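In the two assemblies presented below, chain A is common to both, partnered first by chain B and then by chain C.
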Partner chain A sequence: MTLATMASENRQARSLDYVKGYLARNPSLAIGIVLVGSLVLFSFVGSFFVDARMARPLSAAPSQPPSPELLFGTDTQGRNLFAVLVYGTWLTVQLGLIAGAIGILVGGSLGFMSAYFGGWTDRIINFSTDVLLTVPALLVLVIIASAFREGMTPTMMALIIAALAWRRPARQIRAQVLVMRNAGYVDTARISGAGPFEIIFFELVPNLMPYLVASFVTAVSAAVLASIGLEAMGLGPQNAPTLGMSIYYMMNFSAFLLKMWWWIIPPIAALIILFVGLYLINTGLDELANPRLRRRA
Partner chain B sequence: MLAIKDLCVDFPVMTGIVHAVADVDISIGSGKRVGFVGESGSGKTTTALAVMRMIKKPGEVSKGQILLGETDILALSSEEMRQTRLRRISYIPQGAMNSLNPVMRIEQQIWDGIVDHEGAVSRSELKRRSDEAIEGVGLPARVARMFPHELSGGMKQRACIAIATALKPELIIADEPTSALDVITQRQVMETLENAQEAIGSALILIGHDMGLMAQCVDELMVMKDGRIVERGAIRDIFKYPEHPYTRQLIASVPSIGGESFLPNVSATTANGQKQGDAPLLEFDGVSKVYGGGFFSKKGNTALYPVSFALDGSRPMIISIVGQSGSGKSTMGSLMLGFNRATTGVVRFEGRDMAIMKRHEVKGLRRHIQAVFQDPYGAFNPYYRVERALSLPLRRFGIAQGAAEIRERCAEACLGVGLDPARIIGRFPHELSGGQRQRLMVARALMLSPKLLVADEPVSMVDASLRASILKNLYDLKDKHGISIVYITHDLATAYHVSDFVIVLHEGHVAEAGAPKEVIGDPQHPYTRLLINSIPWPDVDRQWGTSASAREETARLMKDARDHPPVDRSAVPGFVLARAS
Partner chain C sequence: MYLIYLTKRLVMLFLVVVTAATLNFFIPRLSDKSPVLEKITEMSESSAPGSVNMQELLVIFNERFGLDKPLLQQYFDYLGDMLTLDLNYSITSYPTRVADMILAALPWTLGLMVTSTLIAFLVGSVLGALTVWRKDLKLLQFFVPVVMVFSAIPFYLIGLILIYFVAYRGGYFPIGGGYSLTAFPAWDWEFASDVLYHSILPGTSIVIASIGIWALGMRGMMVTVQGEDYMNFAEAKGLKSRRVFLRYAVRNAVLPQVTQLALFMGQLVTGAILVEIVFGYPGMGSLLLQAVDYLDYYTIYGIVFVLILAVAVSMLILDLIYPLLDPRTRHHRA
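So, the complex of A and B:
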């Protein structure tokens, strides 16, 4: 028994070493993880120091520049901008994760079904995806979001964005599965008595895992981008301090004319870190998913 | 002309250094043809790549010298080496059909090489030279204007030869140039390659594992094993007096038509078949298959014209289906497995129509119709350990429960095909050789003991030295376990030895059918004759084919074959082939 535990510990240590070694060889993945991770960590640790109510209007004196008490100052309506950054970052990331997850789940299932079953299933799914892909997403989102203007929450926002986030994953995953469907091991599983769903989930999905994770990251950043777009137009959740809503307020209450740099820089910096981090993770995963790009074996 | 001295190529791996090539000494005179034979991993391709200086990092030449004429290849700068490639040494890579650029016309790919090595050349001159190169490999000049996807496998292979010979190099290296081609195309491609080489007067290195092909094509032979040359000499001497046991094994592994069975100790007694009831085990009733075509599109592509036969199955048999690629033989296999639906006609298994079965009936049926596929590399999911291919059907068909019982069954199956379970179970597919994986697939079939096994080219991607033992494994399935086998192949020599009945397919029609001794031993149909003539015999004194020109012979026999009525040879009890109308 001791031998077995030793062996498993040894294996764990070795796999940790392996992950470390891999990250050293794939710097873009490592930097991306550090960037996104530190952003999430900042917002997690920060939530112990500031209260969510401090991100609401009139929680402090308006238009204060940064000072030891108010780290990032306040806006014209008296929001504590440090609290806005702490809670807004998390809300925005969370929104992206929810919308991205739904998009990948729905899109992935449609892509798998479409490619694996072929025939009419494929034609119908593919036709709907194609038609929806030609419609500008923002147009549809604006219509849906303006219908729900009152009492919008970040979660609703995520669901609205997810309504269109599945199109691209569906298309991409279909293309991948079309190639894999002809693999010999699919035939082996078929003559082993495995059903179509077992083949999809236990034979194909594991082999597509790096690719699925990479498309999830893409979907998250696309969802964040869409949410920022909607919020900057003022169609976001009025009562939640998301990063997009901060951008809307700063445009609306002319932060640029008032030269309130402490209001402008933090949310934009957070967004830049988020997007660059997600982009780097995506490039790094691409190398993992696509061995032809792997420079060192 | 080419001299290799003490060449060593090392690959650093996790556990140390692998000597892929060790102390290889070769000298090749100009105009000579030299063959390198050996199994995969014996270092033959690595040696060729060292001459091209194309060894992938982290591998490197650690010792030795390569001289091409007066030039020291290993001392050239990378720009000089770039100029040397193609102009002085050209390389036709393995699977050359996939090495053509799909978005460029063939002629553009020839021009690339010319312009790279000779600088600006006028367009009309380029066109003249590419047409000359294309015609030099026996293709019509219009092929130069085509894209790779418009060509067949043999034509693509010849286009690669055209690229390799366009600059008239001193040395041509051909790495398994015909391994993916059927025998008829193989003979034509080899003839093209030899003619092109003779026209230029260059030396040729032919890499392969087929001793028959070597006997027909090369002057000298190097037998390689584990990175070393174990035997070398003139081809005639090697065939007459092979010294190294490995060489003897290689020569013995090539089956020939007629003579003693090349399978070791075939038992005379046969187990009874496993079928139940009176209906034949497998029955094709006017079955045909048309791909494509539909309501709006034009007529589809007929892969298989109506064919009817009944395999009784009360005595287990091996039925061979032979033909070129595209003859419809794999379509027949997938119809039997139920992967495809017949366009017309009915496929019956034990008297039941497979097309109208309910889902749970299909699942019951799956257990009894199993398969061994052509590609042992693709047949295992790279994500799982290999025993999953064995344990999954045990669980799905409810044959064994519990981890211990499943493990025991898997181990038993491995032993049944001569594999050591301790070295197989728990490994990932990429850790096993192609031969081991293919044996494991046979072990899987043995473990499930189905009533019918469809073996689709089970040995075409396995090293020649392992073919006999895998075929013996299959033969045992029939003999000891009473499993009827449909053996799909393009290799008539193995079909001759293992099968009880042979069906020769030609463009979706049955060309000739009957007992192997008659159909393959004494062919009547021109197409069967063509197939047999195209086999490279492992006999230096025997001419390849009956006429000096492969192209001429193929054209003549193909023309005859098209209008020739099917030939029905003697019947074999237990198998009835109905005359297709």
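So, the complex of A and C:
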């Protein structure tokens, strides 16, 4: 073994120790990662045991209570509810990730441009963000989704939600860049002859990383929230077993009156784990990005 | 200066309303569906063949809904209608006007939302203030962070849990509806108590899920306020702890919560609507669900428009009264 590989292994071990140490000091980040991670892991591992087709109607006998063969039972249309949970969880997380990623990309770029260039660019972007932030996203989404209801897929849904997911990232990142724009190292870069894009990508973005990640987590959480809201109203993808659709079916086919608790509990539990996990990650990242918050409250 | 600020905010409100109306008008036209045509197709399918002359009906309906005019004129007519709150007819329950349907549903939503938000605001603010003030109460130090985590859970999921455990398994409260099927709506004590009884679970789910928002905000403000000089001064004067807490700390810390309220208005409204859907509560949420089910487009647009308007107006009102509550933020010439 050469000295170089030993050194890099050593460095790896040390940075792993550092991460472990940090997570021990920031329990909400650790718990959040564990919650969301175990949910994703459940969905990943589960997909080796059940086929995606089992999440469709008529794949099993309807209204079966849980048993060794059908772990979470079936609903009144004969969906295998274990398969629904396995694939639905991933579909819902994926939807949030797509919408969140688009939101942060578009919003981040707008925020950067707005703060960095200032003047009319800033005024126009800032004003549109202001106006749109007053509008509750879900209501506008109801209009869009009801116009495109037929043939809705989870990806389409993610794109629809992304249409409004950029507002908050744009606002948050603009505020951060405004603060950082006048920092000494930006001036140094500018004097050294760096162009605006060089400054944005090599000076500002790396420093904004914690904020970008925190904004992304918020955006994912908001996107999942919006998707479940739309789905609960029956505006979701009719042919995909997302968690929100399970909730819609369960309410619409009166699972409560049929006393089918195995139909009711799993999607609610999965969603609560997801939302609480994302919230805790966000709180943890907040502390990472704002060291001043540490040990204050 | 207040006048300039006021004008600015009013222009903003106007633009929000125009944006909402514009979205309402153009988005449906991006899809290839015509609400009127769908209604007529449905009518002809459900009646005897030949009894409905589709062509003739289409012309009549298009004229009634103004769909035969050029697009731009339709757009301006629509903006005018919206600004005068003329929300057109419901397609499925024609000739009922959308505005009348909304007026019937609005009191339910307002009653549920305003009451539960006020309760959550009070309880949350008190809890948040006490966690900072009384570090010695161990139960509180444990309880409040848990409540804050609850704020991450959407209202309607908490509603579903309450329906399952309290209404269905426990049988303590009705699992849905605004009043008993046997009750006769009237202004008497019996009906009022029935309505109250039905609103406890939906209200509780909103309260549980939103206490954390106010507790978090209040806690942050109390920490800031505690470091202020006037707090030291009040203590140095030897004032009673209770008085320092209420008159000096809480009174200063609670003001920014009003701004919070404005920021969360949209979230509260959409949250309350979904709670209504979960509980089948006869407010705007259930009306919206019904309209979506029957693809009653004008009703959907009407509800969305009214709700956006309500959120924008209440944010404006909160913004305008804030300087009156807190003299420090009055708008000076910059």
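As a convention for this text, the second predicted complex is superposed on the first by the 293 of 297 C-alpha atoms of A that agree within 3 Å, B and C clash if a C-alpha of one lies under 4 Å from a C-alpha of the other, contacts with A are read in each partner's own complex, and residues count from 1 in each chain.
The rule is short, and it goes like this: contacts are C-beta pairs under 8 Å (C-beta built on N, C-alpha and C of every residue); 3 or more make two chains touch, one makes a residue touch a chain.
None of these values were measured; they are calculated from a predicted model.
Asker: Overlaying the two complexes on chain A, which is it for chain B and chain C: clash or fit?
Answerer: clash
Asker: Considering only the touch criterion stated at the top, classify A:44 as touching first (chain B), second (chain C), both, or neither.
Answerer: neither
Asker: Looking only at chain A, is it chain B or chain C that touches more of its residues?
Answerer: Of chain B and chain C, the partner in contact with more residues of chain A is C.
Asker: Which partner does A:201 contact after superposing on A: first (chain B), second (chain C), both, neither?
Answerer: Neither chain B nor chain C is touched by A:201.
Asker: Tell me which partner A:279 touches in the superposition: chain B (first), chain C (second), both or neither.
Answerer: A:279 contacts chain C only, not chain B.
Asker: Check the residue A:139 against both partner chains and state whether it touches chain B (first), chain C (second), both, or neither.
Answerer: Touch status of A:139: second partner only.
Asker: First (chain B), second (chain C), both or neither: which does A:188 touch?
Answerer: A:188 sits against chain B, while chain C stays out of touch.
Asker: Based on the superposed arrangement, let me know which partner A:22 touches: chain B (first), chain C (second), both, or neither?
Answerer: Neither: A:22 stays clear of chain B and chain C.
Asker: Mind checking 23-31, 113-121, 131-139 or 527-535? I need the stretch of chain B that runs into chain C in the superposition.
Answerer: Superposition on chain A puts chain C right on top of 113-121.
Asker: Go through chain A and flag every residue that touches chain B in one model and chain C in the other.
Answerer: None.
Asker: Can you tell me which positions in chain A touch chain B when the two form their complex?
Answerer: So the residues of chain A touching chain B come out as 183-185, 187-194, 203, 206-207.
Asker: Can you tell me which positions in chain A touch chain C when the two form their complex?
Answerer: 130-132, 134-140, 142-144, 146-149, 221, 225, 228-229, 232-235, 247, 251, 256, 259, 261, 264-265, 268, 271-272, 275-276, 278-280, 296-297
Asker: Would you tell me which residues of chain C are touching chain A in their complex?
Answerer: For this pair, the touching residues of chain C are 12, 15-16, 19-20, 23-24, 27-28, 30-31, 33, 132, 149, 151-154, 156-157, 160-161, 163-164, 168, 175, 219-220, 223, 266-267, 269-270, 273-274, 277-278, 288-289, 292-293, 295, 297, 300-301, 304, 307-308, 311-312, 315.
Asker: Once bound in the complex, which stretches of chain B touch chain A?
Answerer: Touching chain A from chain B are residues 337, 339, 363, 366-367, 369-371, 373, 375, 377-384, 389, 392-393, 396-397, 441.
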